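Shared chain: subunit A. Partners: subunit B in the first complex, subunit C in the second.
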Partner chain A sequence: MSKEKKVKKPRISAGKLARREAMAGYLFVLPWMIGVVIFLLRPLFTSFQFSLNNIRITPKGRMFNFVGYQNYTQIWLEDPEFPVELMGYMWSTLLSVPVIVVFALIIAMLLNGKIHMKGFFRLIFFLPVIIVSGPVMNMLVADGAATIPSMDIQAISTALDQFLPHSLVESISELFNNMIMILWYSGVQILIFLSALQKIDGSLYEAAKIDGGSGWECFWKITLPTIKPMVLLNAVYTVIFLSNHGNNAIIGMIQNSMFSGTKEKGYGYAAAMAWIYSLVVTLIVLLFAFLLAGRKDIYERQVIKVKRAKKKEIQMVKKIERRGKANAKKIQKARLRKKYRSYDKNRED
Partner chain B sequence: MIKTGKIDQDQIRKFFLGSKDQEGFLKQLIVYALLICIGFVYLYPLLYMISNSFMNLDDLLDTSINWIPSTLAIGNYIQAAGSMNFFVAFLKSIIIAGVPTLLNVVIGAIVGYGFGRFEFKGKKIMMAILIFSFILPSQITMMPTYVLYSDLKILGSLKAFIYPSLLGQGINAPIFILIFYQFFKQVPKVLLEAAQIDGAGYFKSFLRISVPSAAPAILTVFLFSFVWYWNESYLTELYVCGLFTETSWTTLVVELKNFAENFNAYQTTGKAATNINESIRMAGTMLSILPVLLMYFVLQRYFVESIDRTGITGE
Partner chain C sequence: MKMTKKLLALFLSATLALSLAACGSTDSGDVSSETKTEASGEVSEPVVNDEGYSIATDLTTDEIELTYFHFDSEITVEYLAKKFMELYPNITVKTEYCAVSDSNTTLLNLVNNGQTPDCFMFSDADFALSNYLLYDISEFWKNDPDAQNVATTINDLGIGCYGTEQRYAAPMKFFPGIVYLDLNVLETLNIEAPRQDWTWEEMTQLIKDATDLTATPAYYGLGAYNRLDSLYGIAASQDIQGEFGFDGKSFDLGVWAVGEQEFADLKLNGYVAPETETQKMEDWLGDWEGWFGNSNRVAVFTEAYWTYMNVWGTDAYAEAGMDIVPYVIPAVDEVEGLHNSIATIDMGGVSSGTEYPREAYELLKFMGWGVDGWKTKLEVFSDPTITNAAGVAMKHDSMPAPITMDEEIWAGYRALYPTDEEHGKYWDAYFESCMQPIPFGWMSIAGYWNFCDQYFNSIGIHGLVDSGTAKAADYAEEATEQANYYHAEAMMDYFGIDINAAE
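Right after this comes the complex of A and B.
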């Protein structure tokens, strides 16, 4: 980045062709731009406006009653369910995202080896993506088809209950309870990892093998750093998938309060809920982005260090040059005035 | 004697544990065992569903029967199909999933081409908005959109799905735009310039050169969009089927969502012989996913290879 900044592009106003191309570009993107204004920016603004109002639907139309931040305080202080559900959602997302990503990575690594019937296994692991939908999942969960049959969840949760807070244990046991569902959510992630793994240069592993690196070391020093962007992508994808999924209790809650006829609830209350919910989702996404993208490996740090040193050196050289030039100018002037003085004397002045 | 024995030992060890350049038998065994186990766990709900959907009431109550039903009770399917109004719902599902999908493909291609081919001011900001609109939970814009639709009086009709996808805001549209963007970026510019020299306008070179070369991307977007629209129950129910307004629109997944009520209504008309039970519910679930399942098995290659083709993972 810094290099790009330094090289100043000569500012040339766009020519006829470039301008025409830009116009064509705008023309192609135009439908989407209109869509963004109508279906994204305007609703975003309006829903914020909604959340500050108490809205009641009367035969005459919608009645707005400005209440300020009352909706928000009401959600936090009076709603018996929403904060609890929100905490539950947060815990379960924070727990299940790493599980899904790690699981997807393991499966992808297994599939990436020399394996017969690779296509068949890929077929199985991608299958859930096709049929995963809210009602289908509800049916399966309701009939107990989502648990691995011979797993004693009760024992695990009672064992954990002794040294962990209760809400966390609840989410963990829920995680085990719906283990198959969690695995089912990782279809896309497996394929993303797989296609990233297949693109790693094989000669890297060969070189590592010649140097005596074990498979374990190869994984940590070659595989993981190379597919790191994909880990981030998958984590973000998983968060978004989980938060937009039809099985999510909070979504149902927002919808219920949107259409509830009671005095306090309604569009405004639901809009405030949606804002809080979106804020939490965004925070979780940011958290994962920070955790996974923030850290740089040793090599990158070294590169940055060297670059910084180089920059300093260049500045130093420039400084010396500048001073030299200034001094040369002074001498030149002195010469013009035909006063031949030495450099040292000049400095004393 | 001793020497040969040692060689044998070495060979056996090599065979099981493997050497630097060949994977050992033991390791392969573990890998296959793991894959098969996890594969079974993956298929478990599906197998469970299939086997249960064919059981009659006696089989369900009989604890000695776990997997294989004693008789193939097709009646479950007939009753489930009857209560879901299968054929009508099936055709309507295809329309509800198909029409917005077609629009998604067309608009996604156009917008993706605009982003991938041209340079213009504010492109980076627009891309940022595109990604932001994917991350943002749809609930936040749902209420104003619902109000907008009810003001426009398009609630409870297919237009509520057509308009957003016509403007590039359908379900998961940002992903599709990004897929096309990736694809069109890779079309060599030389080709387009050559076409331009030969007198093709921007739109013509888009139609004649870029679109034909983007067949894999088009297929991918089509399949995924179709499946996602098919599986969407929440927005479909809210916008198209009309939660409060009575419309004739319905989809299989929405029917499944309200399966218990539908079945009760069906029963009171006197057509169903039994009460709702597990088998019938499983049969209903099976029916609602059967069409996409068949589509998946026929076109599985395109589904599975889609992510490779779209170049999400970079070249």
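Right after this comes the complex of A and C.
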């Protein structure tokens, strides 16, 4: 039997109404698109263009001197501070993000529970987002409010120094040194988790409780799988927040390079630094996306397993059917040639 | 309804596009070909409010506006601007204040946006020179009588010329180098006050003698705001023209290393009072935020010039039991007459993009070294009713000293400081001996700040030597090479001068 020809769907041109709707949609997104072009794509292109030049800002205009990739090579080969700072930033971000996200999740779960003055506590945890910025943060850090005095960080770092690379130990020490400050960064993440937690259907917990599920099991099998997309969102948000924070040493380095009088530095050099930095930030975001978005929970794994088994079963059935048909054909041919011999003596061909 | 939505969307888009177009900047225009590049030196001498002034007659009579960018006191600069406009009614002066920490950023952003001020103060020479912000004011300076009557080192050592024949910058604010002594502490410890023309060795000996760690709380010889090595660099020899042993052509950090090591040794041996917000301070005075300057337990202070007027000379400190007197920073060797000493001098310049360089120079002079400007400043400093935002009289708000040698100005300025029999002699002697200032390197030497930024500060030499983990002399040779390299690079980059070839 010949295969049936695929019937092409007739093209139906959009009606007047549909075109109008589409046009209205485009008009509504137009401001955003203009914004992207002017405030994102154009600066991106300009900063890349800058990064290939040595630039001086003079009262008579910008002086561009094309240097190709020299700014990039200069950063890696002759600037001893930037790669070191970049490495420190990477370690500290990789360590801080899980701490902040886990802390935010714990606090969000506590705030989502049945406690008195829930609103007040929510306010307390969100307050640092509003007040801990710029000079206030610097004053608090200067007064030692960002550390936990009872924690013997020296002892921790000495112990870790024996079996971990020094740069990693430094980042861990920094993490402990600024533990309170890092936890202050979790205000927004707590809010995101809270909103996610409040959307979980209560009947799921009810059903689990009826089946004898403990709180611990409910967390791992209901809460966490449900809010998993928010974990990724918060991880990405935290990476971006830490990368753009005012206390970030690399931001300071880039700014200093912009206004440095050193021959090699200036806007071009700073733009090259910013591109390298943004590349590293993107890699960290991708790493977290890979770690969190790619992981399937137990139910998803079971569903996939069942689907695979069903698919296999269907394939097996089809295979059996195909073989059955092939065998039937063979038998038919043999009968026609009178060569078919049946061992069933009662049967007459 | 849909039509309304579409119109609304269209309106929003158009508004956004228009507002963005409005944000665009225009390029700064070329410098007018009719600008004056020389000063005639001719003046008229009107009397305003019973005070005689000298007004340059070769300035434009057109209605113009000049912008002055600064990190000086806003109150004083506003007052000066008003007086300048009274003297030159056709010139409108617009002042722009920015904190010194943000001044480079703000100034460069203004330049980038085509809003370059006509004259300005700058916080480091490399920043201003590398961006070609400075106009060559040599001709104006040569024909300016006030410019010939400033502290002698400014012209003798070409401070503001950066090793060239041209002048690019001029002194705007001058804070002479100073060492303060607390006579009460010396009396308590039964130590005689040193002579006014003391030497470096006498100072360090006094620091050691005045230290008594057995007392509770301990007495310390030195309270250091400025590091001793900063002072030593100039004090070491009269041939030195700048920090790090700069002789006008090259550096020799061997000189610096001696001072650095001496200061580190004093610190390591317990002669230097703890710094604020340290555990040592907590242990010493029982106050984490304590300050050695009001401890009554320190004999010698390398504090800033303005600390006396801002702190010790205020009514709040009258009952503090301190008896502070000024001493000039001593020279290492005995010197006949006056000797050079380090000072804080903030420099300023005329913008290379200004349309009115002659007029901008006159404004800069009025704000900085000019006698007329100083007459006006003295009005501000002498009037206790003119106060800053905190209600503090302006003479207690980091008041600078006149860089001009004009006797009338100095008589007025001297009257602001103690004149009583006991203290007057100290101030008289000090003011007589502080007028050979040499500014910190970042204001006067091309490439200096680049060297500090790229090499010196990045390896943390001070910390290493102060903690005793390294000797200053070990760094001297390499640091000298680096400093000379950055200086040579800068001279070539900014002025096209190959100083190595010139040698």
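The rule is simple: the second predicted complex is superposed on the first by the 283 of 349 C-alpha atoms of A that agree within 3 Å, B and C clash if a C-alpha of one lies under 4 Å from a C-alpha of the other, contacts with A are read in each partner's own complex, and residues count from 1 in each chain.
Convention: a contact is a pair of C-beta atoms (placed from the backbone, for glycine too) under 8 Å apart; a residue touches a chain by one contact, two chains touch by 3 or more.
In this text, all values refer to a predicted model and were calculated from it rather than measured experimentally.
Trainee: Figure out whether A:Thr46 sits in contact with subunit B (first) or subunit C (second), or with both, or with neither.
Mentor: A:Thr46 contacts subunit B only, not subunit C.
Trainee: Name the contact category of A:Gln255: first (subunit B only), second (subunit C only), both, or neither.
Mentor: Once the two structures are laid over each other on A, A:Gln255 reaches both partners.
Trainee: Kindly classify A:Gly35 by the partners it touches after superposition: subunit B alone (first), subunit C alone (second), both, or neither?
Mentor: both
Trainee: A:Ile100 in the overlay: touching subunit B, subunit C, both, or neither? Say first, second, both or neither.
Mentor: A:Ile100 contacts neither subunit B nor subunit C.
Trainee: Could you tell me if A:Ala24 is touching subunit B, subunit C, both of them or neither one (first, second, both, neither)?
Mentor: Touch partners of A:Ala24: subunit B and subunit C.
Trainee: Which partner, subunit B or subunit C, touches the larger number of subunit A residues?
Mentor: Tallying touched residues of subunit A, the top partner is B.
Trainee: Report for A:Glu81: first if it touches subunit B alone, second if subunit C alone, otherwise both or neither.
Mentor: A:Glu81: touches subunit C, not subunit B.
Trainee: According to the stated criteria, A:Arg56 is in contact with first (subunit B), second (subunit C), both, or neither; which is it?
Mentor: Touch partner of A:Arg56: subunit C, not subunit B.
Trainee: Please identify the positions on subunit A that touch both subunit B and subunit C, taking each partner from its own complex.
Mentor: Overlap of subunit B and subunit C footprints on subunit A: residues 24, 27-28, 31, 34-35, 38, 62, 142, 255, 258-259.
Trainee: Using the touch definition from the top, list the residues of subunit A that touch subunit B in their complex.
Mentor: Against subunit B, the touching part of subunit A is residues 18, 21-22, 24-29, 31-36, 38-40, 42-44, 46-47, 50, 62, 107, 110-111, 113-115, 119, 121-136, 138-140, 142-143, 145-146, 148-149, 179-180, 183-184, 188, 191-192, 195-196, 198-199, 209, 229-230, 233, 236, 240, 243-244, 246, 251, 254-255, 258-259, 267, 270-271, 274-275, 277-278, 281-282, 285.
Trainee: Which of the residues in subunit A come into contact with subunit C in the complex?
Mentor: Going through subunit A, the ones touching subunit C are 20, 23-24, 27-28, 30-31, 34-35, 38, 56-63, 80-81, 142, 255-256, 258-263, 266.
Trainee: Show which residues of subunit B lie in contact with subunit A when the two form their complex.
Mentor: Checking each residue of subunit B against subunit A gives 20, 23, 31-32, 34-35, 38-39, 41-46, 48-49, 52, 107, 110-111, 113-115, 117-121, 123, 126, 129-130, 133-148, 164, 166-169, 177, 202, 206, 227, 230-234, 238, 243-244, 253-254, 256-257, 259, 278, 281-282, 284-285, 288-289, 292-293, 295-296, 300, 303-304, 306-308, 312-315.
Trainee: Can you tell me which positions in subunit C touch subunit A when the two form their complex?
Mentor: 2, 5-6, 9-10, 12-13, 16-17, 20, 27-28, 30-31, 104-105, 108, 111-112, 116, 124-133, 277, 351-354, 449-450, 453-454, 458, 489-490, 493
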